[in-house]
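Shared chain: chain A. Partners: chain B in the first complex, chain C in the second.
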Partner chain A sequence: MPQIFLDGQAFEARTEQTVLQVALEHGVFIPRLCWHPKLSVAGNCRICVVQVEGRSWVEIACNMPVSEGLRVLTDSPLVREHRKATMQFITLNHPVDCGICDKAGECTLQDYHVAFNGEASISREPKVQATKFHRLSERITLDNERCILCTRCVRFTREVSKSNALGVKNRGDHSLIRPAEGDDVRLLDDDAYSENIVDICPVGALLSTRLLYKERVWYLQATPSVCPGCARGCAIDVWHRKPEWKLRTLDARHNTAIVRVTPRDNPAVNGPWICNKGRDLALLLERPRADAALRKGRAVALDEALAAARELIGRARHPVALVSSWGSDEELAALDDALGDRFTCFVKDDHLPADGEVVEDDLLIRADKNPNGRTARARFGHQALQFAPDTDLVLVWGEGCDFGRLPRGVPVIFLNAFLAAENGHAEVFFPTSVHTERDGHFTNADGVRSAFSRCVDRPTGVVDAERVFRALASVPAGVAP
Partner chain B sequence: MSSIVASLMPEFERLRQRFPEGFDSSMTLPCLRRIQELRGHVADEDISALVQWLGVPRIQFEEVLSYYTQFRRRPVGQVRLEICRNVSCSLRGAERLIGHVCQRLGVAEGGTTSDGRFTVTTAECLGSCGTAPVMVVDDEYHENMDIEKADRLIDAMSHADGGRGG
Partner chain C sequence: MAELRERDAKILMTFPVTASSHLLAEARARGAYAALDKALRTMTPQQVAKEVLASGLQGRGGAAFPTGRKWAVIQYDDGQPHYLCANADEGEPGTFKDRWILENSPHQLVESMLIAAYALQVRHAFVYMRGEFSAPFRRLQGALDEARAAGLVGENILGTGFGCDIMIYRGAGSYVCGEASALLSSIEGKRGYPRNRPPRLTVKGLYQQPTVVNNVETLSNIAWIVQHGAEAFKAVGTPKHPGTRLISISGHIARPGVYEIEVGYRWRQLIYDDCGGMQHGAALKCVIPGGISTKVLTGAEIETLNLDPAEVEPAGSSMGSGGMVAIAEGTCMVRLLQVMLRFYHHESCGQCTPCREGMGWLHRLIDRIVDGQGRLDDLDMMARISRLQDGNTICGMGDAAGYATLGILAKYRHEFEHWIREGRSMYEGNLECRRSS
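And now, the complex of A and B:
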């Protein structure tokens, strides 16, 4: 374990580390634009320069291996002078159009420009003009003028998503990030992880087309959550409008809508990446919602629905429950506690792979398209659904149940978050919350338990499944009211 | 596989053995160069054949081809005239030379004559400042050029059987 010195302070380092890695691990700040912890070292941005004590020049920290007794200055006058010059160079052809740039507010270049340079350009040469709004894929728009050619996106498609969809074409100040052409290439459209390049872009060059000019990041807040899209359970941040910036004049839905979803680094699950399906969580969670309890299709008060359900359960001798694999650990426990000993339980796949969806790959995407199947099966078993002939009540929780395959004439208690024709076919229906409307945990396929937090309030009329289960508890078996 | 790549394959295989394992992308440059020497330009089918054989993603070939302006992606004339227009050559009349050659052959810069005989391109420094202006005919340097010398060269090469031949 070599010992190195950063600005005179001693740190233990591992042999394979670079100076930049040691510094970041111990909270010593060294700026970086092209370097990314999960990508190879490119060393092209030159902003991470440091000075080895006693030398009259600077070197890049991202590519400097540690050695015993290495003494490095991260903020010497020479380093500061070089950083400033580097910023001048990087912004030579950058339009510095932060005022109309979607990245403003979370842009590394903007932060560094303020921190290390902060001056207007000293260049009197006209800036190089390049393509604006280049459609890189259906999801991603590229502004070549803002691009600083750090090649993070290129390395991502080569080293992480392995689509090899991007490269740097031409040379010098003509250089452009461009996709491969030809019939035998994988397009960025076919890269299930493509939108990560928007996150790792240190400038405003790569932009999400869907959000283009739609939002300012300082009006948004991120809530830690878990992606329910598959059994990987990636850690995500779900972005909503801050309550203090509530819109009063536009459609009120803007105040509760998911603006964007970004990965939240969790080395145990997903690292800093998520797939494109996770970005589209709004498509999944913001489908039309059920917002009223129903009794034979007629809207009733929640208490009336609960009373009806209690009556059905009280009368049933052989009730069956189809358990949602989208239920949180807490909800599954509540169901087990409340009704586990009364019901024969089968775990149901709420979602199956959709047409055209990547079913499984060796990076993140898992074939089980439900977030909590592991916990559900650990609690309720792996047995396949089979109705005994004497089944006299079915409780269906969540989506993915074909009502046509339920035993005929048997009453159904149905819990579902979304509007569906089946809601009205059930004897009793409860409109349930989605996971962004409550706190809880999912346990992924590898057994890692991740917490998610409430992002927005439940819509009026919607109830947590956990509350329904508790209210239905302690109905004794076979007791007619 | 394109016929050119197929014919070069024994040579490529020998070349590959000179690179350590895992350095297949280093083969892009020499392979593309040999293809261009034979075909005059690099065609899409050549890239496809190399992608298949080397397993190097297509984008890496496209990067190399667009980085080096010496690579050509389209067919060119039988004779390539390349005239330098950097500082030294321009001071010694390169712009006049370029204008004359283009006018005489009836092409724009970068264009090919309608009979497919000549292609005229310009370059930024061909490394022959001491003998400026310089015109490169295929891979042959012609130094201290002026309009008369250029005319004589073009006259000699205008017929398929004259000059360097077809």
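And now, the complex of A and C:
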């Protein structure tokens, strides 16, 4: 374990580390633009320069191996001069159009410009002009003028997503990030992780086409959550409008909408990446919602629906429950506590791989497209669905149930979050919340338990499944009226 | 006191060039491949490497790194593949000395590469040749074909069991691919971006294996060193900088071309005697000693200098790659720097920030000065940009352009100030040497 000195202070380092890694591990700030913890060292941005004590020149910290007794200055006058110069070089042809840039507010370059330069351009030359709004793929728009050619995106597609979709074209200050194979955008279109390059872009060059000019980040709040898209259960941040910036005039849905989803670094699950499906969580969760309890297709008050359900359960002798693999650990426990010994339970796959979806890969995506199948099956068993001939009540929780396959003439209690024709076919229907509207936990396929928090309020009329289960508890068996 | 010994030893240009002097038969008649025979039959790889280290041979590509020390990093018997690469991407403006070897003495390079490959236990050696070299490519490929047919390249060379193949890889016209690590990236089929050090190329080079990249001229000396011994080599040139240098001289010189000079040769003698002085008898204004990336020296400065790194470096420049450009009195240094900066801007690979942005900045800045829109503080800005690029780039190109700019700015600032003040050149924008009326 070599010992190195950063600004005179001693730190323990590991032999394979670089000076930058040691500094970050111990909270010593060294700026970096092209360096990313999960990507190879490019060493091209030159902002991480440091000075070895006694030397009259600077070197980059991201590629400097540690050695016993190495003494490094991270903030000497020479380092400051070079950082300032590097910022002047980087912003020489950068438009500095933060006012209209989607990245503003969370832009590394913007922060560093203030921290290390903070002056207007000293150049009198016109800026190099390059392509604006270059369509890099269906999802991603590239602004070449803002690009600082750190090549994080190129390295991501080579080293992480392995689509090899991007490369650098031309030379010098005319270099452009472009599709690696001619102008073929399909490579990036087919990259199931492509939108991560928008996150890792340290400037506003790579932009999500869907969000272009739609939102400013300072109006948004990130709530930690878990992606329900597959059994990986990636840690995510769900971005929605801050309550204090609530819009009063436009459609109220703007205030509860999921604006975007970004990965939240969790080394045990997903690292700093998520797949594109996770980005599209809004498409999944913001489908038209059911917002009223139904009794034989007619809207009723929740209490009336609960009473009807209690009556059905009370009368049933051999009830069956189809358990949602989208239920949280808490909801599954509530169901087990309330009805577990009355019902024969089968775990149901709420979602199956959609057409054209990546079923499974060796990075993140898992074949099981449900977030909590592991806990559900641990609690309720792995047995395949089979209706005994004497089944006299079916409780269906969540999507993914073909009502045509249920025993004919048997009453159904249905809990579902979304509008569906089946809602009205059930004897009793409860509109339930989705996981962004409550707190809870999912346990992923590898057994890692992750918490998610309530991002937005439940729509009016919607009830948590957990509350329904608790209300249905303690109905004695077989009490015919 | 200047040494009195006449310095006229030759190592490479030892024969008259004729239409057939590059062919194997004539090369053999001059003694080619005797050194290879000697090395393979009587020396161990270690002994060859030791001989090269003892000779004090230094790199001829510009950086003058001791060849033997570069080789010493490679453990010839560590069991992993090693690679040898001859850098024939002669792209430094003003330099065309390797071209002479490739065209007229290709077997000397082939033989030397085989000896080097033996010392380093290389099975596959490469020649990275600049794409524009057409005749040199044909000559070297011809030489390789001849050598292969004669059992000198390939399996079981000279029946000794040692095998080595030499492949020519042709570049596609990028200056920066002459930088050793960019050159290797290019051979690997990647974009010609230089790599960060560490790791050094002798630790992780081509295909992540230990690799030696040597200049063509450097390698071509190996056969001579093995044949005549390190002591004989050290007797040529100066003790600190042994050997000869190929100098390709161009510019406003009466007889441009490639000259082999012994290190320590008198500069005046090269220019005024061997090369016949300046065109039209013009006066010498300045000399770029070794490729445009070296700092310019005025005519007065070189008057007393010998062509010896030990004298050129204290004078504030370097022998560089041996691409000498002689510039006559009456040449506009502003236009000259503009041409140089246009080149650097065009050739910057764009990988790291200071060079990518700085080259374009300098180029646009000098264009504006030439357009008559310059301001006096622009010159300080140019110096600052050059200074801050220095040492903060992945490869040496950022430094090189900075040296060139700082060198000319320091010595000819008055020409720039004149252009800025008067809105025109001190010398009518002349880049040619005109016959005086």
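In this section, the second predicted complex is superposed on the first by the 475 of 481 C-alpha atoms of A that agree within 3 Å, B and C clash if a C-alpha of one lies under 4 Å from a C-alpha of the other, contacts with A are read in each partner's own complex, and residues count from 1 in each chain.
Going forward, contacts are C-beta pairs under 8 Å (C-beta built on N, C-alpha and C of every residue); 3 or more make two chains touch, one makes a residue touch a chain.
Please read all numbers here as calculations on a predicted model, not as lab measurements.
Superposition of the two structures on chain A shows chain C clashing with chain B. By the document's definition of touching, of the two partners only chain C reaches A:Ile90; chain B does not. By the document's definition of touching, of the two partners only chain C reaches A:Ile60; chain B does not.
When the two complexes are overlaid on their common chain A, residue A:Arg171 makes contact with chain B and with chain C alike. By the touch criterion defined above, A:Leu149 lies against chain C but remains apart from chain B after alignment on the C-alpha atoms of chain A. In the overlay built on the shared chain, the residue A:Val49 is in contact with chain C alone; chain B does not reach it.
Among chain B and chain C, the chain that touches a larger number of residues in chain A is C.
When both complexes are overlaid on chain A, the residue A:Asp184 reaches chain B alone and has no touch with chain C. Put simply, of the chain B stretches 26-34, 44-52, 98-106 or 152-160, the part that bumps into chain C is 26-34.
Overlap of the chain B and chain C interfaces on chain A: residues 167-168, 170-171. Touching chain A in their complex are the following residues of chain B: 44, 47-48, 51-52, 57-60, 62-63, 66-69. By the touch rule above, chain A contacts chain C in their complex via residues 41-47, 49, 57-58, 60, 63, 65, 81-82, 85-86, 89-90, 92-93, 122-126, 128, 148-149, 167-168, 170-175. Taken in their complex, chain C has these residues touching chain A: 174, 191, 196-198, 345-354, 356-361, 364-365, 368, 375, 378, 381, 384, 388, 391-394.
Residue ranges on chain A touching chain B, taken from their complex, read 158, 164-171, 178-182, 184-185.
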